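Inspection log for the structure reproduced underneath, given as structure tokens.
The first chain written gets the first letter, and so on, giving A, B, C and D; residue counts start at 1 in each chain.
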Amino acid sequence: MSTLKSIIRRVISSIPVLIGVVLVIYLILRILPGNAILTMMGEHAREDVVQQISAELGLDKPWYVQFWVYVTGLFTGDMGTSIKYHKPVSELIAAYFPVTIKLSVMAALVAWAVGILCGVISAMRKDRLADRLGMGFSLLGISVPVFMTAMVLQYLLAYKLKWFPIQGTKEGLVCYVLPAIALGWSSAGSVARLTRSTLLEVMGSDYIDTARAKGRSVPGAVVFHALRNAMIPVITVMAIQISSLLSGAVITETIFSLPGIGRLCIDAISGRDVPLLQGSVIFATVLVIAGNLVADCLYSVLDPRIRKEG
Amino acid sequence: MALFRKKTDVISADLASQIGESEGLGVQLRRMARKNKLAVASAVFLALLILAAVFVPLLSPYDAVNGDASIRLQAPTAAHWLGTDEMGRDVLTRLLYGARISLAVGVVPTLISMVIGVALGVVAGYAGGKTDYIIMRLADVMLAFPSLLLAMVIMYTLGDGVMNIFLALALVGWASVARVARSETISLKETEYVQAARSIGVSPGRIILRHILPNCLPALIVLFTLNIPSAILSESSLSFLGVGVKLPNSSWGLMVNMGRQFLYNAPWISLAPSAAIMLVVLSCNFLGDGLRDALDPHLNNE
Amino acid sequence: MDEYTLKIEHLSSGFFTERGYVPAVDDVSLTIGKGQVVGVVGESGCGKSMIARSVMGLLKYPGRITGGSIALAGRELTGLTDRQLQPIRGRDMAMIFQEPMTSLNPVVPVGRQMREALLLHEDMSRAAAREEVIRMLSHVGISEPEKRYNAYPHELSGGLRQRVMIAMAMICKPKLLIADEPTTALDVTIEAQILRLIRDLSRETGMSVLLISHNLGVIAQMCDKVYVMYAGRIVEQADALTLFDRCAHPYTRGLMDSVIRLDASPRRLPAIGGVVPNLLRLPAGCAFAPRCPHAGEKCRAERPELDQIGPGHWCRCFEGRRS
Amino acid sequence: MAEQILLEARGLVKEFPAKGRRKVHAVSDVDLTIRAGETLALVGESGCGKSTLGRTLIGLIPPTAGTVTFQGVDLTALSQRELAPYRRQMQLIFQDPYASLDPRMTVRDIVAEPLVTYGVCPDRAATTQRVRELLDAVGIPEEFLYRYPHQFSGGQRQRIGIARAIALRPRLIVCDEPVSALDVSVQSQILNLLKDLQERFALTYLFISHDLSVVRFMADRVAVMFLGRLCEIGGGADVYAHPLHPYTRFLLEAIPRADPRLRDDSRAILQGEIPSPIDPPAGCRFHTRCPYATDRCRTETPALRPLEDRLVACHRAEEL
């Protein structure tokens, strides 16, 4: 079936990007001035420990051999061992990633649902109160730094009013509410602004005139004709939002001390743990690529012109 | 294939052309000012902030480095408009000193990433074929990284320091600029006035300089004003996570991070810089929207 | 009184722009009998499309009707709210547009878009509606209608899309079809097919047609009665034979002369000098005066009225009878 | 009319890659000669490849196969740099008055661009003076020199495009649908201007259009094109008086005459859709729509052959 074929084609086309990602991270950590490995090694003065780690990391071989070993290892899930925790990196990631997934998925769903709804209402109520409020809310979302929203929410709703746990994940899903809101607000803002502008543009197109000439009401024309066309560019923005959601996750996880991939990166940096840092950043990027893939497939489902050429 | 422009498009432009006066860039900016008060207010606010940041030694009697322990953690008063921090230093003064780095971090890396991004994007867009493929795959790779994580890794290897932040944010930012520049170039390449230049025999280099870039300008200026806030947010996040600006330098992100442990009894230490970041980002967005309306050629025809 | 399918009296509508009110349609009266094909001809910006949109109540912002009445089969439309107009649009009157490329929703199969037109006005099952759509598709000359039902607009040629538009407009058997430059974007061989289709359907169902075009050839081939418009006003009105045989208004004469004859090779083409007037800064008196070779003092000072100069032949010009 | 051949195309082919390894056969095996000082019209419906042919002839698009010789020099064999002196003698006028002028440049810079590119005038002042003369030649008043394109009407913009095209005193100008986007009255003004300029500067026009009446007025000779191939070339008056190729006949009959008396609904109208140039029909490409098609038409592609002082590509031209 042509859609399946186009999905497979897209998965294959994202492999080079993945390899590119691993290469870029690998090079940054080894080639850029102030080589990360050396800064890491510098910490452990004793000679034998230095030998043991460099052998373990295979630092004596040329960098492209090390790279090849690393990449082939990746496919078998072996991302090297963490210096700080003395555990395989993949094990640590497996333990930490569910938190980040839960957080970003909740944030994304909330943000996009609110964003699209707010965008549609603002477009329908153009230049009236609802539009001004909606766009004000979106603009604030984009402008207010994630850590500010997180801190204010934590201070007011958790510390003062005690509606939500201040931090940690002991009480289950309810711990994710505040972080998801703090994280989702900026994404909701840009989705709302884009939904509004594309919807207004689509409402001006000829086929909306045709629908109205058939007897469709304005809201009817929006629901049955305009919305689906307006969603096409919005999907692409959502795909881009995934990578900024993960960036935000690092901050919210720090403020609400949620044990996610973000925290893992912070620990890796403070603990000068290169394999862990490398592993968690690559994993986060894989999430982004996967997100883009989903968006791509949604894109071809929505727009038959793309699907046909597949 | 649409056979030719429908007649009605021709009339609306005819109608507009007779109404419009002579339209240089200056006139367009004046019209924007009339139409968009918010954009003007934002421009004024940003200008005042920059001036205050530059002349803070003259404006504020207080020292930004060593404070007076006796007035430690004081709420905002007439003497200290934004209160004092844990070392008894005046928060407003530190805020204005911090503005220097935070604003510079907004502008400098954005400028670098604009130059790299536009150059690569225009070349990819105009040349097409393999060069386009290579540049765009590289951009896809850079865009796959969550920007903050990538910046963190770069900062980790380069070590902290303001210059390294400029480099890190520029490396992270160029890909999205390249993508916009490329799509603008591709659409401009198909226009008849570019084909006309090609048919006259104008060299590709001159076509890019005289036709493509000037017509990309509106989109690029808007992109520039919108990328500044994201750079400021990135820096403040980096500093907040302790991988950005380090003492003795100070930036708003660092101030927020330092004030976190006093959040519950002296919230103004963190909230003041956060509010400052928000206001700067808000004004950049208003300025960006205002410029977009003013510089959009067919918008000012209506 | 409803022997007219459409009766427009002293209609005025225009755009309230920042730079002032643009009188796109200025005191226009027009009637279309049952089964009659009436043409409105004029160059871009003369307000002909504005009349069509005023009748349908689909004026683009900041357009609004500012005066006069529009009666469809005896029923007054101008006072109705959009909700009251919805049941009329598509059922009693329908419209087709100039750009077949963009008049259909690109992400919905054409058959479903036609079925929507049916289900909005008739309560019938989806299957029955589907059958009716397929019957209508073959009726407008589209081959393999079952296959085309599920086709997307971008898979059809311009000619096929315009046939789909016509089938969609006709599906509820409206009393009036408004065609706004229906063949301007089509090639000449496809244009001939579409014009014949509209004419046959009109004769077959007794449907009246308001045909808007800038092309005098299309008007001559299709219309029983013609209104010539300039700068928002009707400058001449007559049945087709009279108009093409002995038109009275200098502007109509100018249009007729600039039509290129296929059996002659003149050295130069007669052209109407000057430019279409700016509707915001209309001259006093006759709007065509600045470009009119016979314009006298009176023409520049006073506004001529549309007065009758022959059976069914009206002209808005002081010198009208002379030419 | 000078008989000297200005430009000659032999076996010209242009194919564009289409989705899924298929090809768009825009121009297939076209032989065409343009004589100095004449207006050769290239007429056909949308998608027939006339625009592509026009741009391939002046070297704006590299041909897939075939040769184009200009004043005896084979352009297809030249490199981009060697092509420069010839490109200067062949210019293009575009269809859309709103897209053919750079919105960010003043009229003075737009018309001056060709002069500056080839360093025709010694200094800025001389260039500006030259631009004034060119604008005057096309009827644009001098005081509009430093205005921007969107301050002009459609007709005025087309005049500016023409001024730019004649700036380098070209021998050949390809006019690609120059008046299709204009109103009837403005159309006549521009067509008259083109004819005047042809006489004044001894220009040769390749006039591309889908509008058969405009072509009737402008053309000395007419070449009718269908789906990438030429089906008939001949003198304008003869072709319009009695067309030989069935497609030409249907094209001419399809034109809606501005005379209600000529309204007969019985006249034969060409049925069917314009086939797609991606997989054109075998043999004569018109056979899928031609009522007179025989088996021979469906298999053997008719060559362009002389018949009654004209060239026709139809097996049954004599009998119809």
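General remarks:
As a convention for this text, a residue touches a chain if its C-beta (ideal position, glycine included) is under 8 Å from a C-beta of that chain, and two chains touch if they have at least 3 such contacts.
Every value quoted in this text rests on a predicted model; they were computed, and no experiment measured them.
When the interfaces A-C and A-B are ranked by C-beta pairs in contact, the top one is A-B. Each chain gets a centre from its C-alpha atoms; the one nearest the centre of all protein C-alpha atoms is B. Inter-chain spacing, taken between the CA centroids of chain A and chain D, is 53 Å. Inter-chain spacing, taken between the CA centroids of chain A and chain B, is 22 Å. Distance between chain centres (mean CA atoms), chain B to chain D: 48 Å. Residue numbers of chain B whose C-beta contacts span two or more other chains: 3-4, 7, 10, 14, 18. Shared interface positions of chain D, defined as residues touching 2 or more other chains, are 46, 153, 183, 210. For chain A, residues touching at least two other chains: there are none. On the chain C side of its complex with chain A, the touching residues are 56, 58, 60, 82-83, 86-91, 94-95, 97, 99, 102-108, 113, 116-117, 120-121, 152, 154-155, 165, 168-169.
Listing the residues of chain C that touch chain D in their complex gives 43-44, 157-160, 187-193, 195-196, 199, 214-223, 240-241, 244, 254-256, 258-263, 265-272, 275-276.
For chain D in complex with chain C, the touching residues are 45-46, 153, 155, 183-189, 191-192, 195, 210, 212-214, 216-217, 236-237, 240-241, 250-263, 265, 269-271, 273-274.
Residues 137-138, 140-150, 152-154, 156-159, 229, 233, 236-237, 240-243, 256, 260, 263-264, 267, 270-271, 274-275, 277-278, 281-282, 285-286 of chain B are the ones touching chain A in the complex. Contact residues on chain B toward chain D in their complex (touch as defined above): 1, 3-5, 7, 9-10, 13-14, 16-18, 20, 22-24, 191-193, 195-202, 206, 210-211, 214-215, 217, 297, 301.
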